[in-house]
Structure formats: structure tokens, C-alpha cells
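Below are structures written as C-alpha cells.
Each of the next two complexes has subunit A plus one other chain: subunit B in the first, subunit C in the second.
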Partner chain A sequence: MTGSRSAIRVPLLFLAWLLLTACGEVLDDRVIRMGLATAPLNLDPRFATDATSARINRLLYQRLVEFDARSMPVPGIADWRRISGTHYRFRLTRPRQVFSNGQPLTAADVVATYRFVLDPANASPHRSTLTLIEQVEQVNEEQIDFYLQRTDPLFPAYLALEILPAKLIAESHPFESHPVGSGGFRIVDRSVPGRLRLERLIDHQLIELVEVKNPTVRVLKLLRGEIHLLQNDLSPELVGYLKSRDGIQLKQMVGNNFSYIGFNMDDAATGNPLVRRAIAHAIDRQAIIRLVMNRAARTAEALFPPEHWAGAVDLPPIPYDPERAKALLGRAGYGPGNPLKLTYKTSSDPFRIRLATIIQSQLQAVGIELDLRSYDWGTFFGDIKAGRFQLYSLTWVGLRTPDSFRYIFASDHVPPAGANRGRYTSPLVDELLLQAESQESLAELAVSYRHIQQRLHEDLPYVPLWYEDQLAVSRQEVEGYRLRPDGNYDGLETVELMHSRISSAELADAAD
Partner chain B sequence: MLRGLSMFILLLWALAALFGGGFAAGANTIDLQRILAPPSELGLLGFDDLGRPLLERLIVGAQTSFLVAFGVVAVTSVIGSLLGLIAGYRGGWIDLLIVRLIEVFLAFPGILLAIALAGIMGPGLDNLIIALSVVGWVGYARLARAQTLALKQRDHVSAAIALGSGHWRILLRHLLPLIAAPLIVEATFGVAGAVIAEAGLSFLGLGIQPPAASWGSMIRDGASYMLMAPHMVLAPGCTILLVVFSLNLLGDRLRDRLDIRLTARKRS
Partner chain C sequence: MIDYLLTRLFSALLVVVGVALVVFLLIHLVPGDPVDVMLGESARPADREALRTALGLDQALGRQLLDYFSGLARLDLGSSIYSRQPVSELLAARIPATLQLALAATVCALLIAIPLGLLAAVRRGEAWDWGAMSFSLVGLSIPNFWLGPVLVLVFSLWLGWTPVSGREASGSIILPAITLGTGFAAILARMVRSSLLEVLGEDYVRTARAKGLDEPRVVWRHAMRNAWLPVVTLLGLQLGALLGGAVVTEIVFDWPGVGSLLIEAIQKRDYPVVQGCVLFVSLVYVLVNTLTDLAYGVLDPRIRQGLD
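Showing the complex of A and B:
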């Protein structure tokens, strides 16, 4: 009898011990953990196109050119000299840079990286921005010559590609899973899916990037101390909730990612400029920014914000004016007897659906019946590229150089050749784009692009909405994280964990 | 007390579904000034992430769940009972075929099959009813077949056959009334199941499309605001809980009422 009792008791005790101790992994309190909405898809900068990968690749690799606050190109690891309109010489200014495998970074690596991307056989998605380059030649260990097909004063701004080691490129090294760069960080562990552990080389600080898809769960993990830092991808309400919590600090700065409503110019209704302007006047952007976005955005009038070196500073804001919208619709032949019915496509992101529903109700007030369609990202983006839409909303992320205008609005840049997804055709804008390309100086170039933006503001192939702010939320023990207008993660270069600010109770909780 | 409360809840549900339209005119009216406002004298249950009144959206959701639940139960109970009756009465290869079909459907988890069907057919109220009906008839068929197998040997059925009654007359006049009681109980539980299934599919975005309201889609919308505005989830969540609980109580009560042995024992 006693034996049988102990036979039951032992497994029960073992089970109880398992339950009590199975509270999860022990978190290392020396590691700074940052929560991400999506994990990076590809850590090979030659092929990465998603924003998270691009932001992490910036930490792992270095570039010839960087950008200042006005988006002007400034020397990265190299400075440059314009020898002629079609000949630029770049010189590595930091010759002692080494890759994480110990090899030094030389001009040969730069040449190999650019030659790889320029080779059509390698099908790099970044090739289209570099087709201007005719030839890349190594002059010596530190200097590289770029020969162009035609003059372009913007040229240095195109060289923001991350540099990879030539030897490993030749060996077809799998950079997408095992990156080898010369940046300030190296990957030390990516064995757990959705977790990427980086080491900051300057002080060996470990930083873990953790994928947590659900924003509420991300916030709860931040409050519990499982992660220390979050950037963007939070609803305004969650940000407001975090603001009210003790021990949480919030940083906010104006952003430059441009949100807009795009139209299909081939459609009889949205191809009509009166309809497009009516829609622009019917949307109360100020109310949406104030009441829905918690003031975490500013209204936009053009692709580039005013502080951009080619930004248009004098564009008149499109006012919210429902009466004018109704009058414009009347002139276009629509009214109560013949209401305008349109289909609006958006992604399945809950915040985007929410914004679309608000826009739907604002347009309904002026007599436009909007049929909302939300799709998963792949279907939605496929439809937009194929021109299967009347109107849609999207955001341009990370636009730097004004050659984007050609990519987005030139009549010969309909997908797959470019991103003129609305099939916008304007001989005048095409002519202005050609003129801009023949300019010799950046000042003249800026004037040309301002003319283009003025014209686009009149034609409205896009209704400009807003530039969303950049937000970073962190626990009180986090110091030194700096936000950037394009939302990159460069702030990880300076972030610190102040252990003195972590209470012992919290440490015990984190280690549970 | 509990019985009275459950009947009151079901009565409210039915009234909201049938006559609530007039009280829910503002269910889709967006008011940015009232985003996530908690319950107050302006809105008894508060407002959602677009400033829409939750009470009025609950009433619209009641219409959706009522329509789907009774639509699905009507279709599935008729088709399932008929197939079960035919299988049990005729036997032979027809019975074998129907039993195999039932087994195939039972091999799949019903809700997963409904999700797959709703996904293929696309979102919408009609497709939702079709998807839930395709998986919902099996219970009625199994029950009707088992009851028919037990009843078809009875003397009154043999007498009807001897008198030359047709098969349909025997099925509908001599068998169906006798198996109706368990089928009605099954249908009551079926309504509760359909309410949950509709909410589940709408939660996944496969049911009613915005801006129309459904209790499931209201929970989905509210899930993102659990920390700031729990009323967005609590209101539809508690409503589903109360309605399903009341339906199950009604089913239990009906089963007790319609069980002859139990009633006879009570009388004795």
C-alpha cells in the first residue's frame, strides 16, 4: 500500500515541479531586446527589398554614401570627386575597415559588389536604380572609378548599396542567412526563428531583435520587461496607453514616409481631374491626424517633405471643403440622382482598414459611395501593380532621391518598368522630367523637381495625405536610442542599458 | 430564476433581431470625437475605434447571428433529418452510402471545413450560411437514422405497410412525428453552435464584411484595444456567452420536457 502511494506521489511531485519551473526561458539581463513587427526576410543587401531587412542590413554592412537630414548625399565610407559629367572617382576614407570575417574592406570589394548588382544575370532588384553606370573600375586599393552613360548630378546619391566582400561574392556565399559585413554589428546567433542576436563590435554589447507580430503582445512584453524597446507599428491608442504608464519613455519625431491615395487614370471616373480634386477636398486630413492618429503625423502636399533639398515649400495645402467637393462632383456629372460609386482597395492591416473606413464615411458625406475591399498584402499589391483598382492607399517608405519622380510618374514607367501604377500620362510632366535630367547642378535640379511637384499637385495623380511620425517606446532603463526620420535602426549604435535603473524586483521578474 | 433569465435573454435577442432595426440606425455612423469612449449616458456600452455606438452595433450583430443561426438550422435540420430518415428506413446500399458520407464529414473537424469553404467561396452572409450548412447536417442525419432504425420495426409501421401506405407517407406521417422530439432538442443546440460558428468565422474575417456588424467581427476589432478599451471586447463577448448559455439551457429544458420516460417517472 505504502509502495503504491509513493508510486503515485513521485510522478505527481515531478509534475508539480515541472509546472512550477516551466515559466519560460531565463532572459539574459545584459542583452538589449528590441521588438519587431516582422522579422527580416533577407540579409543579403543585393536582394533585400523589405524595410526590416534594409534597416538591419544598414547595421551589418557599410555604404559608400550616406544621407544628411535634408536627404543630400554625404560621404559614407568614401568621398568622391567629379572628374567629368560621366566620370566619378570614389576614395575609401576609412581604409582600415574590416569585414566580420577579418578581411579588410578594399576597392575590390566595392567593384565586385556593384558589378554583381549590375549583371542582369543576377536579377538584383536594385539594378534598375544603377543602370546609369556603364562601368566600374578599380584604380588602386582605395579608389574606384564609376563611368556613366550620361551626366546626372544626383549620381552619388544612388550609391547607397551595402558593400560585401569580393572573395565571398565569388564563392557564392549565402549572405541571406550568414551575412558578412563591415558594419558596426555582426550576427552572433539566429538559431531561434524570429530572433536575431547581434553584437555591437565597439563594446560587445549584445542586442536581440525579437519578432512579435501582435502589437498588443509587443506592448505587454515591453511592460513586463521581456523586451526593452519598440519602434513604430503601434496604433495611436497603444502609444497613448504607453504614455500613461510609469517607467516607459516615448520618443517622437517627424517622419518622411509619404501616405497617399492613388488613382487609376485609365478609369473613366478616377481619370477625371474634377473627381480627383473633389476627393481631395472631401477628406478631412486634419481631423484624422488629430483624432485618430493622436497628432502623430503632419499633412503632406508632395512626395518629399518641405525639409528635403528638392522638397516643394510653397505648395498651397488642399483644404477640407465638402461644399467645393460637391460642386466639383456636380461639374463632373455626378449628384444625388447619379451618385459616384468607386471601389477602394487597401491592405488587411487593421489600422489601414480603419483609416479606409473613415475616408469612406467622409466621402459618403459629399455623395461618393465607396466600396471598401481589403486584401492580404500579396493580393493587394499584385492588384495595384496590375492596375486592377479605381483608388487605393499606400505609403512610400524611404524615398531619398528625386529620381523617384521618374520611377513613379513617367508615362513609360508603368509596372514592371517602374512604379507608375496609376497609369498617369502627362506630356508636360514627361518633358519636365527630361529637362530635370539634363540639369548640371543640384540647385537647378531642385528647381526642376519643384516645378514637377507643382504640376503633380494640380493634376493630383495622388491625393497627398500625411507623413507619419516616427515613434520609439522604451523602458526607463534604456538610454541613448535616437530616432531617424526614415525609421531606420541606427539608434542601436548608441543605445545603452542603465542597470542602475532596473529594480531588483523587475530583474527577478524578468528572469522568471 | 435561471430559466426565467435565460428565456428573457433569448426573448431580447429575438426582439433585437426582428424589431431592433429602428434602434440601430446609427450603428455605422462614424464619430471621430467619440473614439473608444467608455460607457456613458451618451452610449450605454461605449463606443468603438471609429466612434460608433457599441449598443447599436450589438443590435445589428444580433440580426446577423439570428439570421445565420436560424438559416443554418433550418437548412441543416431539413436536409439532415431527411437523409437520416431515408437511410434508416430504406437500408441497403442507400444506407451504406449515406453512412459513409456521414463518416467522411465526421472525420473532418466541422469548423475547419467551414473555414475552408468560407475561404474558397469568399466572405459574405450567404456564403457563411452555405459553409455552415454543408458541415451542420451530419448530426441530424445520424440522429434521424438511429431513431428510424429503432422505430421502423414497430407494429404501427408494419400496419401502415400492410395497409399499402406509400414510403413518403410512412416516413412523414408515421416516423417523423416520433423522432421529432430529439431532433428539436438537437436543433436547439444547433442554434447555439451556429451562433458560435458565425462569430468564429466573422472573427477570422470570413463572415460579415465591414462596415456591417457581427458579434465576431466586433470582438476582432476590439482585440487590438484590449488594454485601452476592454468594453469593445466585453460587450460582444458577454452577449455571445449569455445567448449561447441560454440556448443550451433551453435545449436541456426541452430535452427534459420531451423525454417521455422522464415525464412518466415524474408523474408516477
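Showing the complex of A and C:
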């Protein structure tokens, strides 16, 4: 009998323990919680490459240069003067900047940060954008000189790297887990995987970034009040559902992340310009945006949106014209007796797969048979880089400087030398890219890059699809969150919970 | 007994080394390159090579394998390619959550399965049996990615009893444990029923009844004790699987366990983290199976004597 009693007792005792341990903390209503689809991977800006880390690092650290609404570089914590084509002097302008460990931010910190990244031995993934720099020198406590290998009017735009304290760099401080920055936030707790608690220094407001991978669960948490705010990464169905709910507010603004269909120019079918143009005319982008994306996007004609300082404003839209698409296919030798069969590769993201099936259906209407293949990101990206595709779809995120055109379209930038995945070769575009690089001013650069975009619009190595909007969904008590076109989290600098007007002293207690 | 334990330990070591070897080779054969994922396409070839060198990926596979095993010998699992945090730290942060969820799901499954299986066996052919086995069939058929959100919808959103997800808030273990435990309970209930039915037909059970023992005592004390062996085998296998990480449930409920860490690492081709996670899973399997074997000895004196 003893055995049977203990057989019952053990699981019951264990259950009791579980229930006791499950009685965790009660959610602190002084904390603003934001749901993220993915947690940041690395809080050391010298090594971080994922978008979430970059967005959070923006809050923790400061940069020499920021960007305005047209993506023009503007002073961040420093302004600059071009002394010669290859010599720029930066001056720290914001007085008394200090790191979260109390040390003041000086020119020495800027020099140490850039020298670290430029040292090939440190294998920083950001070195490639900075290899133009030949030397970084500290002039005095406030001024830094950058010497370049060649002239490049875009140079200041490359200096968007977050600044770290020189002393801690020298001590090999683990910034990836214990960041020390001079931004408007500091980390107060990251003991729980997938959770990051920040303190906004100006008013001690606590903000918790919570990783919730499943978008449906993110929405349910928002509705139940476990999180207050979401930004992007929601399917149109979920957005539509949220729109119909009381107590939920939705903010939307135009974004600049560029979605496109890429072609393999080495392929006999997709290398034919008639086929590419036929596909462009066969896709009803307006209908997809209206019916599938809940109008949360705008059609794109080029890599950069029209408001970008180098954007092409006068490119004619590619109209949806299935009859013209059929005619073009006929001219290319395809028709009902000889249908065009293509393979379309995409990632395993459910929304991307859904878009792919819609495009498949639209192309079928003009006689193109599309075979869809979806892969996990590593395999998909590997195939695209290796040229193992006919068509694929991707989105360029966070492009700011027009030197991207060289990486994406120059004939000598086929992977691994660049991002010319489609093996596009155009002597004219190569020539225009060379001309652009020799320009002395941003205005001249803009003109050159507009010519390039015009040519690309004619050749169609990409079918431009759309720029997806930025979207923030929050509970009614959330105020002051401002969206940004590139989807960063700078809105957390001003966000507030209106129902809990708690004194700064109380919030400071909570932070400690 | 000591000899038996030593033999098990040795074979466990062989299994773990074998798993480490296979995983190392497989993850390096899968298409995709962590350097590409990290740097994107705008990186220059020289920077790719620099990063490849820094990560040790430029060396021959044999050399990398040797480095990996020499690290293992020093209990060094390496560091994540992305976060640069030691894999042991990443695992240490996740293991408590995995343990808690696996054990909670097991308790949940036992609490459902044993009464259900007992009832079905004792009331064989009656409505109770039919009902219990129907429940079992339904439980087995419902996928966790559906059951989880439905439970959240009902218990979190409509009734407001439990948090939607996460691990910190009060009662956060309840829904993931039920989600994970339901399928497990369904299998277990069927096993309890069939084992018990087999034992209930034995002569010694008839003898016990003939001695005048009441039915609950006959079933629990005499029959159930002998029905435990196949149940414990299944329990061991399932617990091993749960401890290895319940990926779907972890993702639905944002449970910060080893399973979700493993999936993220595979997607990013974060080789050291994948290797560390799989090594942990294999260790858990070996440990749980060894404990299961030892439990046989506790439950069955004949096996105990054989071991001695």
C-alpha cells in the first residue's frame, strides 16, 4: 500500500511545486511593452547585422550622422566640413554627451570605434561600407579627421555606426550582452531570454521589448493587454481583424522597403526582355495592394521611392495589361501551343507564399505556368546567390545610399562580389555607374542615378512591385508613438501610457 | 548493478559522440552559409574571407571537426556566430524553461492518462471505454499549433484566466502544459488501457479477486503494478522528446526553451548553437533512457535480480 500512496503522492507534490513556481510575477502596469517578431541577436553595433538589433542599438547608442526624410545625411552628434575631396572633419556638436557608465563621449571614442571596425583582424561585418576610409585621426577632444582613399560625395552617409566608449573597447568589454552607449535608453534587465527591459533616461519610463514569434499570439497578447504596442510583421488578415476591435488604434505611414521580382538574365526565357516585360504587365499590383495587402503599400517603379533625394519621380508606371502581356509573349515565341513554364522561388514565410500564389494565378491568366518553390531562408538565399533560379521575389530593406545601384546592378558585382543576383549585364548601366561615381556633388549624383533608374526601368532586371507601408498597432492608452519610414523604433523615445501617470521618482524606483 | 551502470555510461558516451559527429557533418552539408546570412550581399569578398577566418570557417572540415571535439573535451561548446555569447550560456538560460515545461506536460499527461486508461480497461466495452478512447483519438489527432491558439482564445481572451504567452506571468505554465500534455496523454491512455487489459486477464488477478480483495485494490495494487512496464517505456521516450524541446508549443506560447533556440539556430546556420542544442537533446535522451531502464528494476523484482 505504501508504494501506491507514494505513486500518487509524487506527482501531486510535483504538481504543487509546478503551480507554485508557475505563480510568477504580476505584469507591472508601469512598463510599456512592445511585441517583436524576433529578439535582437547582438547589442554590439560593431557586429550586429539583424534589423532588430540595429533598431534597438539606435536607442542605446548615438551616431555621427542621421538621415532626414529624403534619406539625406544630416548631423547626428556631429556636424562635418569637407576640407578636400578626400578629407572630412567632423565636430561633436552636442555638448556633455555621456555614456551610461558616466564617461563623457569624446572624439577619442569615435576614433576608437571606427578604428576597431576598420581593423580587418576584428572581422566586423560593417567594415565593407567603410573601406573607403584610409585613416581616422583625433584632432582634439571634439574633432575627428577622416582621410579617404578617393573622393566620394556620399561619404558622410556611411558614418551611421554607433559610437562606443574607447576605454571599454580597449578592455574588450562584452557589449553584445552588456551594452554601454550614450543613447536615450539603457538596458536594465535582459535576464529572461526573449525579453529586454530598457529605461528611457529622460523620464525613467520602463519599456520592455518582448519577443513573440507567432503573429496571431502577438495580436492576442495585444488584445489582452499583455503588450501595448506592435509594429509591422502582421498579415493583412490580422490587421483587418485589429481594425474592427474596440480599444485598438492603428497608425500607418508610407515605407521605403522595396519589394520586387528578380530575373535570372542567364536563363534563356527570363533573359528575354520581351518575357520580362510581359510578366511586368501581367501582374496586377494595384489589385494585390488593394485586396490582399489592405492598401498597406504603394506601387514602386524603382529601388528608391520618389521622395528619396536620388529617387526618380518621372518614371512611367508599368500598367496592368494582360492583352499586351500575351502579345509580348507571342512575340517571344510563346503561346497556347507552347506555353512559357517558369520556376519561382520564395522564402517559407506564409505571406510571401500567398503572394507568390496570387502572382502564379495572374501569370496563368496570360498563359505562363509558374512552378512555385518555397525554401527556408538559408537555402533560398544560397540558391539566389548561386543563380539557381528563374524568378524570385525579395525585399530590399533599409537602402539609403544610391551606391547600392553598383552592388545590385553592376556587371562585375555578381555574387559573391556583390548583389547582382540576376547576372544583369548592361555596358550602358556600367558606364553610367562609373560616371556617377566621379560626380563631385550630391545634385550631380542624383541626376546620374536617375539616368540609371530610367535605364533599369526599360531593361527590367527587376519587376518593381511595391513599397510596403509601416504599421503600428497599439492599445488605446498608448500615445505619442511615431512611425518612421524605415521601420526603426525611435518612436519609443516619445511613447507614453496615458492611464498611468506615475511620477519619475516611482519609475526610477522600478528601474532599480 | 555497477557493471550495468558502467556499460550504460560507456554506450551513452558512444551515442553522444556519434550524434555530435553526425550533426557536425550534416549541418555543414546543408546549403546556406552563415557568413552570407550575417553580411548580406553588399560585403566585399575580402571582408567575407576575414569573417570566415575569424569564425574558423575557412579551415578544412576535418580541422573544424577536430577543433570542435577538442572543445567538447574541455566542455567548451563554442560561441554563437551571431550573438557571440557562449553556447553553454545560451543553453543554460533555456534549459530551466524546457525542464519545467516537459515535466509539467508529463504530469498533466499522467493526470489525464492514468484515470482515463484505467477507466477504459476496467469498463471495457462500455460507454466509459468508448468515451475514453474517443477522447484519446481526438487528443492524438489535434495538432499543437491549432490546440494552443484555441486554448489561448478560450482561457486567456474570453475567460481571462491565464496569460496568453510567455513564462513570467502567473499561471503561464498551464496552457503550454495542457497543449503539450494532451497528445502525450492520448498515447499514454491507450497504452495504460492495453497493458492493464492484458494483466487483468492473468491468473494472479483472478486469485486476488478470489481472496476477496476489493476491485480498486486488485486493479491498482496488483494489476497496475505489472502494467507499468510498457507505460514507463513510453513515458521515458516521450519525456526524452519533450525535454529535447517542444518546438511548436514553445513558439506558440513564446516559451523560451531549447527547441525554439534550436530552430532559430538552424534557420541562421548558427553552427555552434545547433551542435550544442542537438548535443543537449541527445544527452537528455540517453539519460532518460538509462533512468527508464533503471526504473524497470525498481518496478519488477525479476529485472532487479537480473541486474544484480
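Definition applied: the second predicted complex is superposed on the first by the 473 of 512 C-alpha atoms of A that agree within 3 Å, B and C clash if a C-alpha of one lies under 4 Å from a C-alpha of the other, contacts with A are read in each partner's own complex, and residues count from 1 in each chain.
Heads up, the rule we're going with is that a residue touches a chain if its C-beta (ideal position, glycine included) is under 8 Å from a C-beta of that chain, and two chains touch if they have at least 3 such contacts.
Here the structure is a predicted model, which means the values were calculated and not measured.
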Judging by the criteria at the top, classify the pair subunit B and subunit C on subunit A as clash or fit. fit
Return first, second, both or neither, reflecting whether A:T216 touches subunit B, subunit C, both chains, or no partner chain. both
Output check: A:R352 vs subunit B and subunit C. Expected answer is one of first, second, both, neither. What do you get? neither
Give one of first, second, both or neither to describe whether A:Y241 is in contact with subunit B, with subunit C, with both, or with none. first
Which partner chains sit in contact with A:A417 here, subunit B, subunit C, both or neither? Use first/second/both/neither. second
With both structures placed on chain A, which of the two partners, subunit B or subunit C, ends up touching more residues of subunit A? C
One more residue to check, A:R455. First (subunit B), second (subunit C), both or neither? neither
Is A:S361 touching the first partner subunit B, the second partner subunit C, both, or neither of them? first
Taking the superposition as given, does A:R89 touch the first partner, subunit B, the second, subunit C, both, or neither? neither
Once both structures are aligned on chain A, how many angstrom separate the closest C-alpha atoms of subunit B and subunit C? 5
Can you give me the overlap between the subunit B contact set and the subunit C contact set on subunit A? 216, 220
Show me the residue ranges of subunit A that touch subunit C in the complex, using the header's touch definition. 1, 3-4, 11, 14-15, 18-19, 21-27, 41-42, 44, 47, 49-50, 120-123, 125, 127-129, 131, 174, 176-177, 192-195, 210-214, 216-217, 220-221, 223-224, 226, 376-379, 381-383, 385, 404, 407, 415-419, 421
Under the stated contact criterion, what part of subunit B meets subunit A in this complex? 28-30, 32-33, 35-36, 49-50, 205, 209-211, 221, 223-229
Provide the residue numbers of subunit C that touch subunit A in the complex, in ascending order. 30-33, 36-48, 50-51, 53-55, 82-85, 90, 93-94, 97, 100, 103-104, 107, 110-111, 149, 152-153, 156-157, 160, 163-174, 177, 220-221, 225, 251-254, 256, 260-261, 266-269
Under the stated contact criterion, what part of subunit A meets subunit B in this complex? 215-216, 219-220, 235, 237-238, 240-241, 287-288, 291-292, 348, 350, 353-354, 357-358, 360-361, 372, 374
